[in-house]
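Next up, some structures in structure tokens.
Okay, so chain A shows up in both of these, paired with chain B first and chain C after.
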Partner chain A sequence: MSSRIMVIDDEKIVGDMAKISLEEEGYEVETFLNADPALKRLQETGFDVVVTDLKMKGIDGLEVLRTVKQNHPDTKVIMITAFADLDVAIEAIKGDVFDFFPKPVRIKELKASISKALSKED
Partner chain B sequence: MKIERKIILSNTVYLLLILIIGGFAVQALNSVSNKQRFLEIADDLNASFLTMRLSEKNYFLFNDDVALNDIQNNIAQAGDVMDSVRGDIVPVIGEQSYDDLRNGLNDYAAAINQASINHARDQQTADKIREKGRSLEETSNRIIQLERSSVSDIITRSKWLLFSSFFAVLVAALIASRSVTRKILGPIKQIERLARSISAGNFKKIETPMPKDEFGPVIDAINSMSEELEEREEELIQSRKLASIGVLVAGVAHELNNPVNNISMIAQTYDDMYQKLTEEQRIEFMRKVDQESERIKGIVTNLLDFARPKEPKPRETDINALVGKALVLVKNTLTVSSIETRFDLAEGLPQIFIDDNQVQQVFVNLFLNAAQAMAPGGRLFVSTRLQPDESMVDIIIRDTGKGIQPEYLPNIFDPFFSTKEEGGTGLGLSVSYGIIKNHGGNIKVESRPGIGTTFTIQLPVNNLEKGKI
Partner chain C sequence: MTTLRHKMRSLMGRYSGRREAGSVDVRSAFVSYKKIMDDNDRALEIITDMGEKTSGSYLFDVVYIRNAYADLTKSVRISLKDFNQLTGGHYPGIQSAYEKIDARIDALISGTTRPLERLSIRFDDISPGMAREVGGKSYHLAEIRNRLGLEAPDGFALTIFAFEEFIRHNRLGESISALDSDGDQLENRRSLRQRILRGSLPPSLEKELSESLDWLRGRCGECRLAIRSSAEEEDGFFSFAGQFETILNVSAEVPAVEDAYRRVIASLFSDEAMEYQQRFGYRPGSLRMAVGCVAMVDAVASGVIYTADPLDGNRDVAIINSAWGLGPSVVEGSTEADRFVVGKRPPFEVAERILGKKKTMTSARAEDGVEEMESADDLRHAFSLGPKELEAITREALSIEDYYHGPQDIEWAVNRAGSVVILQSRPLRIKEIQRDETVAAPVLERRLLMKNQGSVVQPGAVGGRVFLASTPEALDDFPRDAILVARSDSPQFARVMPYASAIITDSGNTASHMASISREFRVPTVVNTGNATRVLEPGVEITLQAGEDGGMTVYEGIAREIIDEQHDTFLKLEELYEFRRRKYLMKCISPLNLVDPFTDDFTPDNCRTIHDILRFIHEKSMRELIEASRHAERGPSLKRLDLPFMDNIHALDIGAGLTADAGDVFTVDQVVSVPFRAVLSGMSYPGAWRKGGVPISLSDFFTASMRAGPMLENVDINLAVISHFYMNLAVRFGYHYNVIDCFASPRAASNHIYFRFLGGAADLSKRLRRIEMLAIILDHLGFVSKAKGDLITATTTNISQEEAVRILDQVGRLMAFIRQLDAILTSDAIVKEFAQRFIDGDYDLFGEASL
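So, the complex of A and B:
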């Protein structure tokens, strides 16, 4: 069974491009424009990796990280952010984030990070 | 001239006027009292002339020789009196009248003396004596009459003089006090107007030529205070601008990073997946790149607008009509959000000289902000009014939205500051602020969380006179 990846970003293009690139790697990818429906979806079905934007309207990335870690401790969370803020980075690390990418995201690095996350899981 | 000196001078003038009036009054009183004294003497003389005439009758009718002696004694007494008071009488009735009276007495005395020599009682002597006596009596009566009427003339004249000079003093005092009052009140009014305009944030100056009185230094001090305040405000704005550079940098980074990231991700995917992408997908990718570039362009344009505000192109504008035009532009948004709009536009507002496009943009910004702050069913109140001193027109935009937290209020005009959860570059209010300031106006905000927010825009009326902003 292929690994399941969730991408949450209010920029539609991020989800679209991530989906094309990650599906190419053989992952099953679902994308969301905001965190609320994404977290609901997480209740229904498990994901191996959640890639989430940090700054979003409504529930933000840190909140997603906390919820995921609380309900699905095995799911890895990778954070992407438009601007790197030290406080936020510290907060994310404390919240057991797996990786942290500033925008613009290098897709190859993202792929590598996901791959690492999945191999750790196995 | 200094006001102090003016007051001293005008007081000196009143004092002089009062002294002059007093002098006239004393002179008139002296003259009346002299005449009164003469009249007393004249009454005595008259009484003694009457006695003489009576004795004259006794001499002729009753052959009383002693009567002639009585007359002679009376004449001598009257002569002595007249001689002794000559110095007092002459100035009052004049040399001529005195001589007339004295000669009359002498003639009478001569006639009596002649009769007494030969004890004559003939008709001729009697006629002569009677004629001289009557003439003496008449002269005396005439002079008395003349002096009585002269006394009454003096009293009438003095009354009139006193009345008219008091009137003159009153008028002079009124004019002088009015001029002094105007000298004092004029600058005070100017200072008051300036203080008001300074407190409204317009650091004007009093431009009229510096008065040479006590207000000169006061106006000078206030002008330099206004100048100082303006400099301080500029410094404050400058330091706030510096402080907001941090916010600006973060804002620009965040705003630009998203489209840049999008383009970057499209490019990477395009590169990695080129062979596997369909023709349509490739075209779609490029379209998206173009859209994202447009997005960047929009942000940059906004940023440039903020950094280099366009010069206003002012023209005469009916502010109520402009409010109406701005509302038409946002009508759709308001209808969709079920927001009710209420107006209270003042009638007869003066036309003001503004760049209507820029100011309309401010109204649209504020209307949209209000609409976004409100839940469906909210109310937007728009009112206009002329300030009591007619120097400014106020446009008040009030909503019943969620309000702004007090800690955010000082920053809401900062660039890239936004409390909105969706959209918004955070430039709308800072651009609006710049536009209103460029028009010499003010924009203020009051807000109570949960109750609503009120923006008050003040635009100067007198830009029309200057013809430029």
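So, the complex of A and C:
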């Protein structure tokens, strides 16, 4: 079974690019433009890693982090954001975020972080 | 850089005692020149960073693009302001050239177009660059008529602006935005389509349409029209084959065309077209639709020619599918067409000829519309094309392939007069040839359901449950990963293609719209099997093995042992519309078209990118400085350095850089400037300067031309601004650009060397290797270097004069050594080896005689 990755970002290009690059690594990837349907999908089926944007309309990345940690404690959350601000980073770390990247994110680094997240799981 | 400027000013001050009338302007000109160079450096750094971030190695969003471009804009505007000051506003054109480029980039970033442009354009008037306005399909047709001179129907385009006017007039903007929301999309699309069909033409559009129709009737008499979709990007990177409506046989009157126009633009929002767009990365509702109004051809036979075999990628043959009557029979896959395989070289030998059953044919009705009817017996048994027509179609197709530099999928018709008319051309997707592929079909202990029936459209081995599509509505319940089995092929299947494992049909042909889409989605597909719907039962698990050799097998059950383990990643980056759009944005920013300052083309009008603007500013600033020095009465003047291997280094001595007796042409011996002397001594070190350039490969030359226009070497003036302890040397060898800025005085604390290198002619991987090699060497020399894309900057400070001289001597050798070296840096291993050899003082890489 290949590992399952969820990507949530309100810009389509980010999700699409992430999907293409992560599928190259053999992961199964599902992308969402906002958090609401993504969290619903999480209730239906499990994911190993959730990569989420921080600033989104409606439910934001921190809320995603809290919900995931509450309901699926084994799922790792990686946060990406264009607004790399320290306060949010601190709050994210408190919320047990696995990793945190400012955009633009080097895809190689994101892949490395996901692979680390998955190996910790084993 | 600020400290550098500060240093420059103090440097000027140091020689203030020698300042004489006339020379003041030169010095202040140099300060301005230096500042402009700093602004330009900053701008080039941003451009390099943007290129890197949008290269596909980063996840980036629009916020990044906006911010980076805002930074770039700031640098360029400052540079322009300083430039205007330096040149006394002598080049007003550069400001407006910049504004034009900036407006284009701005529109690309925000996704807006200019408010009101031409609503209708005749095919005769479609010129290069209008693809976005008239849509891909009409654009290509016009190109084939206007530029290739082939016979193609007359007509006109209702543009993207007409579409926007229609949307505005009928207040549909909100409904389109809603397509990108969380609501019920099936319902949103349905209601949008209905509102379009009920909509009315804005008066301006109705007037233009009426005039265009009058004009067209004047050209072709009482002709009938085909109203064809021509969406943005249609027949471009993706075909959108059969996704949008084409209405055939429409009378050339406003009400009939208006009705057809509405139907065509409504089809932009059909369920299958929307699935297709989203799958390929288009934001829902972002695509716009132009429409072509084209005179119908009274066709005896029509069909499709592929200028390569899409199945195995063979470029030596063309494949023609042909049927009697109008085109839909072939492209909708409704009839079994005749198939010809024709050699692409004279005498265009027909290698294969298969008579299709051609049970039905499409004809124009007396009133509007077309009908499909049974074909007469004698027609069924006769080939729809003879040798003469086959040759004519092949010849025309080859000239189109030649023009577009790639395999094409071309629709054509043969009219009553027997001549070939081209109806459409789009890129053909062919399988990339993989040489190491071995196709060994394993023997299986499984029940065989089908063997070698039909024609393979897209090869592959997949398993899944059979889903029988009896009606189009049935597709609503299509389960993920099922195998779609249907009686005939249909472009409507695009709707489920992203989820289908495979497609198998009873009838249909390999040149249909669906076939094009199957290839784009890379869904294994076999058509025309005759009996799939009878043999394959709904809900049963099967495995399809479709080979590149055209053979196919269907087994019962899921045969995991033969299923392709890793099917292609569905999309590649270049296939994402948004990704391409941002790449396109970079095309307005980073390529350098303005290379040769000695041609008449070196004007603001010819600046097509921000890089061109910077290049123009740089060149003219340097000239300004040179002019200033020429007109200075007794101040510094420009002198040419007499070097045996390079005759275009000029020096501007701003204070004790040359001996007093140095004339208009001076020798190395007359150089007093400490840093300049050191660099020159390195450059002329025996063996460092290779005699000829390294032979450049054709592909590298192509890359270079794409980046920078025609190949030029040593045509620029390379300028050294020097004083006793200072040197600013800017050298351009063909495509790379090297700057050394140095202060080497007896006081170590105020000394520095700054090294900057950008560009090259070879392809990116080789250029990056050269940067890597430079980084190794520069680090070895004690620099702190920073590389970004094909730009490297390196600095070292607080060095004694002796140390500076030693390093500059090495830098001089390095400048000679790396000239065009990128072209031979073919592997990563060579990088380290060459770097080491340079460090060891071994410059004779090829064992050939050098200087």
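Methods note: the second predicted complex is superposed on the first by the 122 of 122 C-alpha atoms of A that agree within 3 Å, B and C clash if a C-alpha of one lies under 4 Å from a C-alpha of the other, contacts with A are read in each partner's own complex, and residues count from 1 in each chain.
In this section, a residue touches a chain if its C-beta (ideal position, glycine included) is under 8 Å from a C-beta of that chain, and two chains touch if they have at least 3 such contacts.
Being a predicted model, the structure only gives us computed values, none of them experimental.
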Side-by-side fit of chain B and chain C on chain A, or clash: clash
Partner chain in contact with A:I107 - chain B first, chain C second, else both or neither: both
First, second, both or neither for A:V97, with chain B first and chain C second: neither
More chain A residues in contact - chain B or chain C: C
Partner chain(s) touched by A:P37 [first = chain B, second = chain C, both, neither]: second
First, second, both or neither for A:K57, with chain B first and chain C second: first
Chain B versus chain C as contact partner of A:V88, first or second or both or neither: neither
First (chain B), second (chain C), both or neither touched by A:G26: second
Touching partner for A:I13 - first (chain B), second (chain C), both, neither: both
Shared chain A surface residues [contacts with chain B and with chain C]: 11, 13-14, 17-18, 20, 24, 82, 103-108
Residue numbers on chain A that touch chain C, as the complex places them: 9, 11-14, 16-20, 23-24, 26, 34, 36-37, 80, 82, 103-108, 110
Partner chain A, residues of chain C touching it in the complex: 53, 56-64, 182, 281, 283, 566, 569-573, 576, 578-579, 582
Contact footprint of chain B on chain A as seen in their complex: 11, 13-14, 17-18, 20-21, 24, 55, 57-58, 82-83, 103-108
Interface residues, chain B side, partner chain A - complex: 250, 253-254, 257-258, 260-266, 268-269, 272-273, 276, 288, 292, 421-422
